[in-house]
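We call the chains A, B, C and D, going by the order they appear; numbering starts again at 1 in every chain.
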Amino acid sequence: MSKTHNTWQGEAAAVVTLTFDVDAETPILAQGREYADHAMTMSHQAYGPEVGLPRILDLLDELVVPATFFVPGWVAEHRPGLAASIAERGHEVAHHSYSHRPPTSMTPQEERADFERALAVFDKQGIEILGHRAALWEATWQTGELVAEYGLRYDSSLMGDDRPYKVATAAGEIVELPVHWSLDDWEQYAFLPAPHIGSVIESPVKVLELWRAELDGMRHYGGLFNLCVHPFLSGRPGRAMALRQFIEYAQGCSDVSFARCGDLAAVAAADAGLTVRRPRPPEVDPEVYPG
Amino acid sequence: MSKTHNTWQGEAAAVVTLTFDVDAETPILAQGREYADHAMTMSHQAYGPEVGLPRILDLLDELVVPATFFVPGWVAEHRPGLAASIAERGHEVAHHSYSHRPPTSMTPQEERADFERALAVFDKQGIEILGHRAALWEATWQTGELVAEYGLRYDSSLMGDDRPYKVATAAGEIVELPVHWSLDDWEQYAFLPAPHIGSVIESPVKVLELWRAELDGMRHYGGLFNLCVHPFLSGRPGRAMALRQFIEYAQGCSDVSFARCGDLAAVAAADAGLTVRRPRPPEVDPEVYPG
Amino acid sequence: MSKTHNTWQGEAAAVVTLTFDVDAETPILAQGREYADHAMTMSHQAYGPEVGLPRILDLLDELVVPATFFVPGWVAEHRPGLAASIAERGHEVAHHSYSHRPPTSMTPQEERADFERALAVFDKQGIEILGHRAALWEATWQTGELVAEYGLRYDSSLMGDDRPYKVATAAGEIVELPVHWSLDDWEQYAFLPAPHIGSVIESPVKVLELWRAELDGMRHYGGLFNLCVHPFLSGRPGRAMALRQFIEYAQGCSDVSFARCGDLAAVAAADAGLTVRRPRPPEVDPEVYPG
Amino acid sequence: MSKTHNTWQGEAAAVVTLTFDVDAETPILAQGREYADHAMTMSHQAYGPEVGLPRILDLLDELVVPATFFVPGWVAEHRPGLAASIAERGHEVAHHSYSHRPPTSMTPQEERADFERALAVFDKQGIEILGHRAALWEATWQTGELVAEYGLRYDSSLMGDDRPYKVATAAGEIVELPVHWSLDDWEQYAFLPAPHIGSVIESPVKVLELWRAELDGMRHYGGLFNLCVHPFLSGRPGRAMALRQFIEYAQGCSDVSFARCGDLAAVAAADAGLTVRRPRPPEVDPEVYPG
């Protein structure tokens, strides 16, 4: 039933990459500087690095599972020890823009400047960066090229497949570790009226059910379960328990393995069987699709 | 308890038509050409024809069940082998507009031009077209007439019943295979912030429960279970598994049969017991209902 | 645990009034005459009187349970036999405005004219009217007075309690049979993008669970389970099955009784123990609450 | 697994503070004085103090559990006996603004005036006030300082932790009893189209599941389960039953205790192990985050 194994999968049917987007205040400030005056909203976001992150790091230690943390440069800069505290526990720290403003809202020059500024922060802190994820996943057609140009191994912002694939850019080939809305805790848990970031609060029981269903699908078809979790959301006690239960479920499946994104990207880069895509905008006739 | 059998039902209480709307990028571009610049969004849509569609075709082969694929002309044109690859597997390819812009947003001339342009694409590719579904189901009062005028057998855009019915138009009678929001995977799974296409991500477990409940209702009352699935949504591994489970459940019911839309429409056209409706706009007094 | 029985309850702990709002096209046209041009949307609404209503009438016959149908005057006028076909089956037909435009959007003169116009329609058709429900439940402070002035027994638009209560108006006392969002199928099932009438499609399994939970609460505390169902929504096969299951559940509870609204209002009017409320707008200081 | 016990927890792993926000009409009027003309909407809100509140007070008596009621000054003023009727049953009455207009929408002077006006109402009624919760939780950076300046013990509006913490302000230290969206019944139950206050109506079964999951998480990690319930929402029969079941579940856990907020704040104030936070706006470069 399932497809032929590719070497990126090793012996496993499905590979799980646990990824944590340590956004802190950035997605809120990106919607307007005035939200810095909202004390509750800022505390809602600060909970991520201050309470959720340590709890998640302890949980990963306890379950002995490696993970990848995508950190905006602004967050690493404003909380100087944060990136190092993650790296010290054996996890990967990766590039998640500087400001968390979506590339699709910037000029190419602005996107490049934001991209470089984050790299400079990590460089100054001695943190090795292997990969990148666009803010809000809102990559442009330039994004992959920046990733290649600056020598990173992989991007993790696109949704063109549910297995790793190669992206051929003008600056060379990179690996794409695709994401998806259904594997993101934001759509399940995020709620804030101002700025509006979501309007539904699901039960952890439903979220666990959803993730198990998708993992089981990937075990059947072979795929990359690239989970995206936010410490300000899933760091809450009941949700951390659901995350724990999900990891324990996956660990109990003999056909599932875990990897950090950088490690998986290295294996995938060497996999000759990987699909190569050349992302480019569709040709659009302005008479058919006006602006 | 259930109504008298009509000949369109054959021996079955409920008939299932599995339909797949292969929209690819069109519903997004229809909201603005500028979204062509959003690489992630385009990859989210390209997943449909590139990953979801082959997976679904394999699934249908495996379960030995026939289906109908509604394809916008733009998609067939930009991915030249796509329509043929569906027809070759024994499925029906049907008309789903050219651009996926809703008829209710067009002038009658524009709707006609878009309708014809899709027919020309399929004609050039040698694909026989028996039926039509309006983009977003947003048919006008002219739509059925176009379907009759161009010699198609059926339309599948209206919601006036949960059984096939005949629509009398100025250009002749056609069969309507009615749809409904509750039998569409879009409302359950679609999520994109820009453009906004939906805001809830349900678990496949809930979707399976919903579809089973509606099928059981149709087995009781007798009806057409006209399922509408999008490869960019239900092509995902966990959702494909739920689709599989739904089909297996229906196959396990001795009072359920499966049909391609075109075949069902042919049987229904010959059923003298079918309700005939003459769709026309309600008479509206502008003093009661201002614009 | 439960409160003292009032005479309106008879021997029961909870009384169920099954009410059906036969809105047809009116809630859509009230949002703009232009929607009359949307063929699918009109068919979605016409399903109510044409398919959902007969199915529901059959279901009520089969389960031998009386109900109340709130019908806008416009619907009764445009479908001449409709109100009579309901009354003939032993059910009550009640006043649901003429146009389904909400009173809070009208001037007092407009509200009165709309109110009278519906009464004239029913009068002409020989349908006795005992009670009223405001369109969208959006009553003004004048609404109850109109109900009393025109000699009706009850209103069913307010949410001030979960038991019947008396409303003292300048034109005399009427009975209020309160409604609530949680006992309305609209919030659970309604979906239309244009005009936007709702964005979630719940499973009938969830809806049954919700209604059972609320009925059990009312059996405990004593209350009026005033269910509001729309034939264009709950007339669908799977949802009609859930409605059936709910009614069967309630029928299986020895402490639950059923009543038509008019009959219940007559008993409640004679109940000296009923709370009397004198609805009036809160005193609002414009400096505290600007417009 | 769980952290070291702090003295604020006593012998328990998780402490439950049941809090009730008796908002009545204020959140609606804060969105526009014109809603005072909407009779149904006003009745929807009046249900809280008139029906929901007595039912909840009886429930708390029956289960012998203490609670805290946050009451806007406007509500206490317009319903003179309300605050006293709560205090007489042994519960705490606390400060919930005067008007329920969010502080983030006011000037500092307006926030101070609104804060003082509520205190004056309670002072006149002889109600002792120990703590404060901002309207919509929308505290500013000034809010905590006002709480300290006016000699209150605690605030309950921020989300910086899931355990009590100390907030150091220019006017002295106060205790913060943090809240969270997931422990609020508003996001689960609130529905009103105009003004729009929410769009989903969840089943009490789901809400009970959600709250149990979060309480179990807090029993594991140690935390404050600061539940926020609105009488106009959870006072409904089926929802009151779910609240009852939740309390009974918590009472059945030997590692859970209950407290009024003021009492818990007193113990927490004396806990030298409590985290101290100095809330202040993040430093924001206007070039990175424009307004």
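We take it that a contact is a pair of C-beta atoms (placed from the backbone, for glycine too) under 8 Å apart; a residue touches a chain by one contact, two chains touch by 3 or more.
The UniProt protein names, listed by chain, are A, B, C, D = Polysaccharide deacetylase.
Computed from a predicted model, the values in this text were never measured in an experiment.
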Could you tell me which chains are in contact with chain B and with chain C alike?
none
Upon optimal superposition of chain A on chain D over Cα atoms, what rotation angle is obtained, reported to the nearest 5 degrees?
90
Would you mind working out whether chain C and chain D touch using mostly the same residue numbers, over half shared, or mostly different ones?
different
Centre-of-Cα separation between chain B and chain A, whole angstrom
34
On a C-alpha centroid basis, what's the spacing between chain A and chain C, in Å?
48
Where in chain B do residues touch two or more other chains at once?
199-200
Footprint of chain A on chain D - complex, ascending
1, 104, 134, 136-141, 143-144, 157-162, 178, 180-182, 187-188, 198-200, 206, 209-210, 213-218, 220-221, 223, 279, 281-284, 286, 288-291
Quick one: which bits of chain D touch chain C in the complex? Just the residue numbers, please.
25, 29-30, 32-34, 36-44, 46-47, 50-51, 55, 62, 74, 78, 98-99, 101, 189, 191-194, 199-201, 203-205, 236-242
